[in-house]
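In the two complexes below, subunit A is the common chain; its partner is subunit B in one and subunit C in the other.
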Partner chain A sequence: MAEKLVTSEGLFTMVEKLLGRAQVTAPREENGIAVFGPVNSAGQVELDGPLPVIPEKSVVFPQSETLLRMDLGGEVPKVEAVEPEGEQVILGVRPCGLQAFARLDRVFLEGAFVDPQYRRRRDHTLIIALTCPTVKRSCFCRAFGYGPSDGSGADLQLTRLPGGSFHLETLTERGGEFVAEMEKEGIAGLTDAGAEAGSAARAEKARVERLAERSAAAVSTEGVVEGLDGMYDDPYWAQLAERCISCGICTYLCPTCHCFDICEKARGPEAERYRCWDTCLFSNYTLMAGGANPRPTVRERLRNRLYHKLNFFNHRYGEFLCVGCGRCVEHCPTNIDIRKVMAKAAARSRAQGVSVNG
Partner chain B sequence: MGRSEAAARPEAAVSDAGPAAGLYLPSPATIQEVRLETGAADVRTFKVTLDGQEIGKDFIYRPGQCAMVSVFGVGEVMLSLSSSPTWTTHLEFSVKNAGKVTSTMHGLAPGARLGVRGPLGNWFPYESLQGKDLLFVGGGIGLAPLRSLINYVIDNRDRYGKVEIIYGARSPQDLCFKSEIFETWPKAPDTEVFVTVDRGDADWKGKEGFVPAYLEELAPSPVGKVAVICGPPIMIKFVLQGLEKLGYSDEQVITTLEMRMKCGVGKCGRCNIGHKYVCVDGPVFNLAQLRALKGEFV
Partner chain C sequence: MSEAIKTAAPVEGEPMPAELKTAEIPTRRGPAPGDPEFLGALRDCCRSLLAEGHVQRIIAYRETPDSLRPEVAFFASPEETGDLVWDLFCNTNICKYLLDYRTFEGRIGVVVKGCDARGVVQLINDMQIPRDKVEIIGICCPGQIDPAKVESAAGEAWVSRVVAGPDSVEIVTEEGTEMRVPLESVLTDRCLSCRKPNPPVADVVFGEDQKGRISDEVFEQIAELERMSSAERDAFWNRHFERCIRCFACRNVCPACSCTKCVFDQQEPDWLAGERNQANQHFFQITRAVHVSGRCTGCEECDRVCPVGIPLRLMNKKLWKDVKDLFDSPLPGTKLGVRSPLVMWDPKDADSFE
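For the complex of A and B:
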């Protein structure tokens, strides 16, 4: 695992080089908030800001993408599948974003049906992670067994050092090739990391891990799945639903929510079938053509979303579909807090344990 | 109807065949014939061929499986295959006029082009049902998926025991597959068909009443039998109660479910019942499996 040291000017030059050959997505400011979004100049990249409100998800799973293109003018419809094109780089991915990609991989790549769009995007995306420079009060990644310095799943990992330079670790072969290319380009400010930079990076990682430990201190996953197993008909869901206004912001800001709608748009003989993000909190999500709706009220819909995150996904894939990024906690307009749902489930599990054991 | 002995036993695995040209790209298909099923004209059966594909060879399916059917420019819907895999000349979809895609379909004539993605989902356990007596209980358009298995069983008659079919609709006008329920099936060996309507009309000389009541009256014994049911939620609810009263265990009751679907391949998320997806883990479940799931169904 090669370790490099790169100055912020060096990194700026690297991003400029990247812009010439790939679509680059990075944290940047948009309308006064930090988001992950496409950048067209290195100056837009804001690596020191807080956790971006809009997550990295759209790089591999865009909010809207064309699946089929159709020409319906002739006697026989001409229909073709649309493949995503080009190379992508995502810079500054947070560890929670990496964890989220791993969850999305399970949905889109596992089993008999591999999603071709997702596969293409995933294969053509270079992932450069960033050790979180700050930790928010809403962060609870540590409850899920990883922390703000965990670069698992990235090709490269940047850690901002107190002096302003970045420690750059190569984590995969693809990451190594990228660094080799940059070295060949003769990027000023890109050098081998000495022992000092290495230990500074370790110290920085330890610092943010301690912060994250503190912010997640009251959150635990223990007993959550088991507790929810016995809580499906609990009055709690109706109480929680009274507060939910079904705005869907939790879904749209969630790095792991993967549910989508497939729609058609036709203009003259040309038509397109596309998919776009959807949320199980909307009433028409499960509304059938005949008028029946198996999830008729907010209670069933909110319960479904929380169970998908904290129970159903576990029963299907063996892990949570929540990575503790805290976005839904921070942005829910009615303060529905998934950490409290976890605590409630854990308490139920303990109560069940007591009654079972005696 | 073209029936081939060779295709009576589809052997190849289905879901692991994978998509040839893209997961969301339908195969081109053509409507060969449209048959009006109900007097109210809200159910039509579409006989469909797949362009350049042989059914039973290139498109192998089992009774109870579904497919996503596209009307290009309008959209795509999940439909159960109401034909039996023993018929190799064409597929059939029996479609109620309910939403945007199905209402457009209802306006299509022979020669019109469709797209088909599939087959998708699991199937009725037609292999483990061999040697058993079968009770089919259907309501309205709910007979469509059962019809695939009923015709499969009739085409492989010696492998299955006695067949009883209880079928009901709101009115005589609403009965689907009339030539089968009144002619083909009653003439098949060891096969009985019991038809009822909620309310008859001047010409109706048959049974009147709801399906669950007819079930209770006929009281088919659960011994050596499996019940396969499909219909509107309210019918299912009372049929399940009726079967339980008659002594059917949860393992002896099989149903096929419907949810709104978009992708059909377990990605888009909307058809879950608990942690199972109706599109890939279903649509066929036995009652014991359903009771073990958290979720909203029937």
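For the complex of A and C:
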């Protein structure tokens, strides 16, 4: 596919152009914290910062969104489905974010029910990925079979070159159309990438892949699913839960956690049905009418999250629901580390002599 | 605010139960963090408390392979205390775990910094746990290090360990390179303006009283907020509240949040709906701030754990400043037997109840 070279100024102009025609979400800084959020000027985009705390998922799965609008005033209530509108561009998606989109696609788009909200947003979102500028200690993407330069799933991929310019790679037809459109606009600083820029980009990708090697040595998925198969009633979960404060940080910052609650609200004759993020770490998550709760304590709730990431999803979809972004590792107020859970499960699997290759 | 309110406080509420009147002065002192004897002495202290049956559980920290992130640990027997650790990365405020032991038959030891100890005292003052059920193992805290600041100082290299000196820290990377940076450049934000690093109440204390770091930065920022017009202030907080993901980590770590059923978890009525809009974001943040004001110990654990960097300390400290100015009460958690002026009443109050 086509390779281009774009200067920082050229990229700035491209973002400015985009702002007129789409909702642009990109990494930006807020009070010293990097987040993915809507931007309204190109100057807000911060591509050199750390992995944004708020994950990419909010672009295709917002924290709350209206599903139905109702008018209860007449004799017969009027109900109207609300469809997301407009075009979106998400800029600076990291490889872990791309992997997360692929997981979310399986949940929302595979099988008998295709989620219309998600489908609409996904179809109208152009994804511009970014090769990770660095690899943190909390990153463990390599454990899941991809690395910090892997642009699979993106329409376009940016790689920051040592000189400050970006290598821009077209990965899909939609990405190609976007580049053609930008060329037609005559963006200064957007040129064909010569052999030199191409090899500089390959060198940069190789460099960050080498950085990620370090985590590959420390974290492995081998035996994790099998180990967990036999650990459901292990006292380990109670020990881990003792420390868990049952907040929503790990799930809300997780790029693949996708549970939601459906609620309604009414004011006068106008009513709305909406959905909003929910988390299995909250006691209300499984609370039933009448007060029964099948997950009454933190032990069951934390265990559910970890099993969903490292076992349940594998049994259903054949892959992990964790992509190794490290957000939960870095932000857990009490330092609960999913990599240690993986190591524990792997050790159990080895101890049981379960075949991990079969 | 009327003069009457100012002169009405502090009021004597109902008499405090006897268990709150335990002596505040520690009887024993151990070596300070940084002293080569410190960790051994702390482990010995915890070991013997468990071995001699003075406590049945100790809440402290345990070493992990990631030396920047020790984990909170619960020690039930003397043999387990071999990997108990206390260093400058014990950021987590452990006082809140005492609530899990409300019905525990036995005494609990807690290894606490100045800020954590205020939380323990506040829980005692709020009648959540009796004083005699808690063995307070206090540490005069030289300040805690923010792992994110160390990692960012090390750049692309991975940090293997950090050796802290009195004024600077040495960062050793996995590759074996060493670099020295000023201690203040890697301390957590809350420690940079900590005025009370010493446990106000303890049964045993490690180290001599620390001076703390007298920075007026937070109060300068508050003064700046006070000078704003209400529209500007509204815009300021809107910008921050907008980011709130409502993970409730601030509430869950807060020693002043001890309700058995939080208003935000109630479903009938559903006071705080899940919908993300300005009204809900404000309702959550402001309700919580007002609810804890007068009992907020200023530990700033909420500010530390907030994943999206909402400057919660500004809101909490502003409310604390107002409570202090109006009622002349001590910082919550610094004195046993003190009730917050906002949670007590007196029939002789200068203001009428009508």
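Remarks
Keep this in mind: the second predicted complex is superposed on the first by the 352 of 358 C-alpha atoms of A that agree within 3 Å, B and C clash if a C-alpha of one lies under 4 Å from a C-alpha of the other, contacts with A are read in each partner's own complex, and residues count from 1 in each chain.
Methods note: a contact is a pair of C-beta atoms (placed from the backbone, for glycine too) under 8 Å apart; a residue touches a chain by one contact, two chains touch by 3 or more.
The model shown is predicted, which means the values in this text are computed figures rather than measured ones.
In the three-chain model built by superposing on subunit A, subunit B fits alongside subunit C with no clash. In the superposition on chain A, contact of A:77 is made with subunit B only, not with subunit C.
After overlaying the two complexes on the shared chain, residue contacts for A:35 are found with subunit C alone; subunit B is out of touch. Shared-chain residue A:116: touches subunit B; no touch with subunit C. Once the two complexes are overlaid on the shared chain, A:137 sits against subunit C while remaining clear of subunit B. By the touch criterion stated above, A:287 is placed in contact with subunit B and with subunit C alike.
In the superposed model, A:278 lies in contact with both subunit B and subunit C. Of the two partner chains placed around the shared chain by superposition, subunit B and subunit C are both touched by A:263. Between the C-alpha centres of subunit B and subunit C, as viewed from that of subunit A, the superposed structures give an angle of 90°, to the nearest 10. By the document's definition of touching, of the two partners only subunit C reaches A:333; subunit B does not.
Think of it this way: put the two complexes on top of each other by chain A, and the tightest Cα contact between subunit B and subunit C is 8 Å. Residues 261, 263, 278, 287 of subunit A lie at the contact with subunit B in one complex and at the contact with subunit C in the other. Across the interface of their complex, subunit A is touched by residues 64, 66, 69-74, 92, 96-97, 100, 148, 151, 155-156, 158-159, 174, 239-240, 243, 245-249, 252-253, 265, 267, 270, 273-277, 301, 304-305, 307-311 of subunit C. Here subunit B touches subunit A in the complex through residues 15-16, 18-19, 21-26, 28, 72-77, 96, 98-100, 102, 113, 115, 233, 258-260, 262-263, 265-270, 272, 274-276, 280, 294, 296-297, going by the rule given at the top. Across the complex, subunit C is touched by residues 30-33, 35, 37, 53-54, 62-64, 134-137, 211, 214, 242-243, 245-249, 252-253, 261, 263, 265, 274, 276-279, 282-284, 287, 330-331, 333-337, 340 of subunit A. Subunit A makes touch with subunit B in their complex at residues 67-68, 70, 72, 76-77, 79-81, 107-108, 111-116, 232, 258-264, 266, 271, 273, 275, 278, 280, 285-290, 292, 294-295, 300, 304, 307-308, 311-316.
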